[in-house]
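The same chain A turns up in both complexes below, where it pairs with chain B and then with chain C.
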Partner chain A sequence: DSHIQYERVGADVTMKCGSMDWDAAVTWTANGTDIDESHLNGSYLILKNVDLSQSGQYSCYEGSSWHLKYQTYLRVGTPPKEPVLMCRSNNYPKGFYCSWHLPTPTYIPNSFNISVIHGTKEMVCEKDAIPKNRCHIRYLQLFSTVKYKVTLTVTNALGKNFTTLTFDEFAIVKPDPPESVVAKPVPNNPRRLEVSWQNPSSWPDPESFPLKFFLRYRPLILDQWQHVELSDGTLHTITDAYAGKEYIIQVAAKDNDIGTWSDWSVAVHATPWTEEPKHLTTEAQITETTSASTSSFMAPPTTKICDKGAMVGSGAVAVCWTAGLVVAAYSVLFI
Partner chain B sequence: MAGADSPSTALRRRDLCTRGIRLVGKMRSDVIDLLDTYVERQGLDASASVAAVEGVPPAAVERWDEQTGTQRLLENLAAYRAFRTLLAQMLEEQREQLGEADAALGRALASVLLQVSAFAYHLEELLQLESRSPPSEEGDGPPPQPHLSLFEQKLRGLGVLRELAQWAVRSSRDLRQLAKPSPGTGSAPGLAESP
Partner chain C sequence: SPTGDSWGIFTFLCAALCNLPALPALNCSEELGAGQSIQQTYDLTRYLEHQLRTLAGTYLNYLGPPFNEPDFNPPRLARAERVPSATVDLDLWRGLTDNARLAANYRAYSRLLCYLRVLDGQVGTAELRHRLTHFCASLQGLVLSIGGVMSSLGYPLPAGPAGPPAPPGTPAAPNDFLKKMDDFWLLKELQTWLWRSAKDFNRLKKKVPPAVITLRLEAKGF
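Right, the complex of A and B next:
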């Protein structure tokens, strides 16, 4: 006869060769390979301190006839640790789902049972086909102050464990991140980026249950994020972007009144509009070079630092004396 | 069956709903602050479970999405009228127990009571817009309370404020449902009344 035998890691296992006497001559195999006689006590197979690698098919044959007398499938594993359980409503007010997993594998099959109680009422948590460690519940009541109590029990051949979660209706509301986030430069505006997004498609009724949003953005070259909270609408224009720098932008969502913020959306990248550089022809380059030596240095208006009257020197190296002092001061600092 | 709204009625409803949503949002924020103050000043445990208190209208509702607009307004009005009486009782009890020793709590309670009254009036206006007179208040209000110990009064107060906070969320959703334009008919959804 053949069956499955479950044993804990570290246990000592004794296998009998079916109904054979202790002193019968037998041969044991593990996955078709003969087992050394040192592991035998008479016709019993002794496995001490079993580990996961010793899982497999064990067979016992009568010594002379090689008749198969006993076969078992040994599965070495562990009893379950306390499972990790999470419940969340990403489709409020329709319902919520609970999902779970084990913190460490047991290496043997486990079964899960979940119970949901609201006040005195037991609710049905319908298991999802995929993923199979998840079930969902439809709200029968809204705006209740009575807490929900969810208990998950995990059982396998070596033991059982459980965990309980207690929460109120509002606390577990957490939308999915906003979708279709798009960031575009604004023509002729070197410091603006226009960001748009959509409500998560899983949020069933944004009109009656509006979402608010949190937008964060930073140039790739910096670590610090800027944040903006937006109470309505799915469009925002960033007006303080650094010109010419590529930005990374993300958006999160939250119900206007209750629950917690979603995870951040997929990040999008965008660079503000910049003016196209002028391309010069060869003749133009020559004309430019000829005139450069005769024109005086002209600082751009925003960076004007001194008047014409304060100039010293002449021609291409004309420098105002104030600028000269500044340069000299920096030079002293770095010597 | 109610006929289609005139454009001015629809606009007025939308305006009242928008203002009502703002009013109830501010009220909820103040109730949550008041809850923190109340728990602290009354020496209560914030996580204490309070059984359903007689006379406190529960915000919990089944099949919320199937309610008509008139049902929403009537249930809201009944609730806020009850809260008006309950908060007035709490204010009286607080003054008797603590007197001037805790003027801040008294002021916070009075402020919320004022907002509850204002919102009840707002709901009456919305009902009148639906050509429906608000029900009279005779015989309304929570039943007379048996004499409660000081601790029971405090717990009851906690229950009142918690339920009011729930109602504030529900009312915001109710008004948003009311404010939704109904496609084709020009009337808000769920406002059809039985003949």
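Right, the complex of A and C next:
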């Protein structure tokens, strides 16, 4: 009949051929391949310092008749190391979840048992189907002064280990990152970017438990981030962007009063609005265009004092001002 | 007879100290002027929470181990029940009327203030006394602030912490360790209440317009 045998990496393993005597003549195979007699001690198979590659099916056959006398499946593995446990409330005030994993694989099956104790009460942490190694708990009471104590025990055929987390209700609150982050240029504003986002969908009650946000942005060409903390609203306009540079922007969320910041959202890229490039013209043409637009005010001839040449000198500024007022007055008359 | 035992003295002290906040409140409500909105009350709770962190750290160190150990998680003894608890069933909390919500806060802080004042009188070091006195003054401000919101909304103020703050028959701590446990739980409840109040006032902010009748606060030491 068939067995499963679990052994530690590095152990010495002795396999007996079922009920056969020590001096019986037998042949051992590993995954169908004959094993050399040097590994035998009588009818016992000796495997020294086993490693993972030696896992497999071992069979023992009686010498002459080739009757199968014994078969076992050897699984080489390790006892569990201390598991890594994390508990978090991303849906406050509904409850929290805990998830865990082993820091190194054991190569053999493990079973996990989680216990949650709140004061004197033992609570049931309901296991999630997906992902595995996760369970969730609903809060029955809010604003508790008593800590929660979560103990995770991992057991396999070679040993067991455990870890414990003790925390206050408030300490584990950490929302999921904001969703649907969008960054858009603002037309006719070369230094602005408009960023909008939404509350994470896992946060059940933003009305009573509002979130605050942290925005960070930088041009791709620089390493230094700029930060803005926003106490409400899901919209912000960056007003100091470098013109024409592509930006990378991220947002994080936190309950207004308790817990820690979420991870950063997915990064979005945006470049501020830039003016459409003009046709290349000579200096003379530009001057003419400027004078032409000034004269469209239907101003009296005196405004010619305020041509391009006169404006440069500061002495002419006062003259310009009065002329400007006259222009304005005339323009109003003509509207 | 109450005079003989220490419990009686405690009750008397508390009753005497606790009747103090009532007087300035009366004076204040007559002077309608600058505003005490829910927002300001909310801000006060955040400020107090911040202050408490420093105060609690200092105080727990003064108490010494195991009280100042971060993992210290003692079971709640029955005697600790006299300190008002912020813990509440989730659906119940959601369903509280504005009046009930405010009243719960008002009652809790009035009593907590009371206990803290007794503590202030007993504490050893000058630094701690100074911190506690300052904190008590701020906490009194919070009580007045909540009272102000209630008055302006037309809700009656809950009866002050008249009578013994604890059910009669609860003895004063018979030994040093249990006394320290009492202090530990007092600070913990205070901390939890301040967290809860932030959420309570968030909810109130949404339901009640921000600009309600305002009071000028001139409470002593605030």
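Throughout what follows, the second predicted complex is superposed on the first by the 278 of 335 C-alpha atoms of A that agree within 3 Å, B and C clash if a C-alpha of one lies under 4 Å from a C-alpha of the other, contacts with A are read in each partner's own complex, and residues count from 1 in each chain.
Keep in mind that, in the parts below, a residue touches a chain if its C-beta (ideal position, glycine included) is under 8 Å from a C-beta of that chain, and two chains touch if they have at least 3 such contacts.
In this text the structure is predicted, and so the values were computed from the model without any measurement.
When both complexes are overlaid on chain A, chain B and chain C end up clashing with each other. Of the two partner chains placed around the shared chain by superposition, chain B and chain C are both touched by A:Phe143. Of the two partner chains placed around the shared chain by superposition, chain C is the only one that A:Thr120 touches, whereas chain B remains out of contact. Within the superposed three-chain model, A:Pro109 lies out of touch with both chain B and chain C [touch as defined at top].
Of the two partner chains placed around the shared chain by superposition, neither chain B nor chain C is touched by A:Gly10.
In the superposed model, C is the one of chain B and chain C that contacts more residues of chain A.
Once the two complexes are laid over each other on the shared chain, residue contacts for A:Gly233 go to neither chain B nor chain C. Using the contact criterion defined above for the overlaid structures, shared-chain residue A:Gly244 touches neither chain B nor chain C, since it reaches no partner. Once chain A of one complex is fitted onto chain A of the other, the partner contacts of A:Ser208 extend to both chain B and chain C. Residues 93, 140-146, 170, 207-210, 256-258 of chain A contact both chain B in one complex and chain C in the other.
The residues of chain A lying in touch with chain B in their complex are 93, 140-146, 170, 207-210, 256-258.
Against chain A, the residues of chain C that register as touching in their complex are 46, 49, 71, 73, 75-76, 85-90, 93-94, 185, 188-189, 191-193, 195-196, 198-199, 202-203, 206. On the side of chain B, the complex with chain A involves touching residues 25, 28, 58-62, 64-65, 162-163, 166-167, 169-170, 172-173, 176-177, 180. Residue ranges on chain A touching chain C, taken from their complex, read 93, 119-120, 139-147, 149, 166, 170, 207-210, 256-258.
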